[in-house]
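Everything on this sheet refers to the single structure shown next.
Each chain carries a letter (A, B and C) given by its place in the written order, and its residues are counted from 1.
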């Protein structure tokens, strides 16, 4: 194996591993002598230096890790932060609304209303600071429940949850018989998978019932 | 700012972001013109090519992502002890193909083409990150529609959906009178919920027609 | 027989089976010989029964659909059959294209060989910074809750669908067997059409179809050669020249 290829392999392994990776492991995976790993990494670092690369390889005990150069920290920070001004996706907006009007609710509740798994969407909203955990529901499984945050109020120009714009026909929604409310799930996107829907729906109804009790 | 420094910054941002990052975000973070980002990335890729680097930058729609080169997959797999990745099942491939070529589409659309319930296959593709929600269709029942993701593009070596290989022999099928033929959906018992499918289908046919012209 | 070689579990639904049969028997997908396809498809279903495999309702539905097309072609107005046949062909062509495209795409799959990194864990403020009109919330809620305000006719349809799923299990083929036998005791013969008359429920249609199939299998009844008439085996008078395929095989 040529040295160029060895360097490529070591670089790829370091990139993919993310975390610090032990010297012997690099040696094993890339099929190079343990003794030659440090010199290969030295070559890579020299190359990075020469071209003013944004990345470098750091040694930590007997491990190595690929990371960015400190001097680029401001750019990286800006790049990662620009994400916060990315508009909410449809899915996120729907999920946020469901939480806002029914809070506090579990992921299961959101999923039942939306008809699809919404776990990652909820996590995303938590990351953005729009919703937060509000304890656990006292039912088997103890699901975490979520509520909206002050950031949410600010983002939508509201001074409190009571200011939420009324929903058309919302008398059905905010009244206590939420069991009713959820029953619209029977009409999930594709009626064709109704066998499944029936089950989920029953669960939803139960959820809601329990929800009511705990309220 | 020197070009060398710009290159370093772009490289660091791509490395740090991990996920595909939009062109405009790179431009914003690194303080470079939007228009110059592609050429900077081209320079980086050329540098990687020249030295047989283990990494490269892929264009995915209007985003870029840094990833490892395929040829180093064996070494990386050994290093990370990843189990052999199970290839997508035929059902998953079929479903993915239907979504890719007709996106955005509902589960019902997929089901109509395949002739079997495809809900769990679609959910599975969502879990794998190959497809994602893309809003809802404005028909009764408001079914969620799905589109492919950057992960899909990366996994199939495409930089955009326009790069999808032309459908095999599709000139036979998308001619005008056969467009008629595809409206087979009318037969199923679910006539009623096919309004949706037919619309999407027509759109798909039109898309295909446009595609023909642009080819 | 060819059918024996079927590995039933590899099929993804009835359309998949049909495509397989079309390829295997070199049928023209642009102008399918329905009777031949039906014959092969029924052999497939029979094989499934032999292997004690429970086929999903959609497989039987497809059998009913094929029989319907075949039967309708013999009616005074064959246009409907022609239309249905075209539609079926369209579906099959589309699926076969899709399969070809899927194969092509699968060859390009390098997903397992390209590795990416997780985003670097840097403490950054991810707090959402955009501002929206509160009405955006109502809009978003409407997208989901439109499902709530279900028009009456849609409600019925949904109920009907749910019922049909439930009924599929509750209404056994046996009731249809009884129904058919009763008809036959009364009249001696009955047109296939009449058995399906007014039966709009999907599961009931499937049950009827299965009932005819079962009764034929056990040699209780015979179906005329053109598949339009059902009568007690051997009890048919006058027109004995109508011999069913089944009985001539036996």
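Heads up, the rule we're going with is that a contact is a pair of C-beta atoms (placed from the backbone, for glycine too) under 8 Å apart; a residue touches a chain by one contact, two chains touch by 3 or more.
Everything numeric here is computed off the predicted structure, so don't read it as measured data.
Greatest Cα centroid separation from subunit B: this falls to C. The most central chain, judged by C-alpha centres against the centre of all protein C-alpha atoms, is B.
For the pair subunit B and subunit C, the distance between mean C-alpha positions equals 32 Å. One finds 40 Å separating the Cα centroids of subunit A and subunit C. Centroids of subunit A and subunit B (each the mean of its C-alpha atoms) stand 20 Å apart. Multi-chain contact residues of subunit A (touching two or more other chains): 12, 15-16, 68, 76, 80, 83, 90, 114-115, 187-188, 191-192.
Among the residues of subunit C, those touching two or more other chains are numbered 115-120, 122, 143-144, 147, 150, 154, 157. Of all residues in subunit A, those touching subunit B in their complex are 4-5, 7-17, 21, 25-26, 28-31, 47, 51-55, 66, 68-69, 71-72, 75-76, 78-80, 82-83, 89-91, 114-117, 187-193, 196. Of all the residues in subunit B, the ones that touch subunit C in their complex are 15-19, 65-70, 73, 76, 80, 85, 87-88, 90-91, 93-94, 96-98, 100-101, 112-116, 136, 140-142, 151, 154-158, 164-165, 167-170, 173, 178, 180-184, 186-187, 189, 192. Put simply, subunit C touches subunit B in their complex at residues 12-16, 56, 58, 61-62, 65, 84, 86-91, 93-95, 97-106, 108-120, 122, 143-144, 146-147, 150-151, 154, 157, 202. Across the complex, subunit C meets subunit A through its residues 115-120, 122, 124-138, 140-145, 147-150, 154, 157-158, 161-162, 165.
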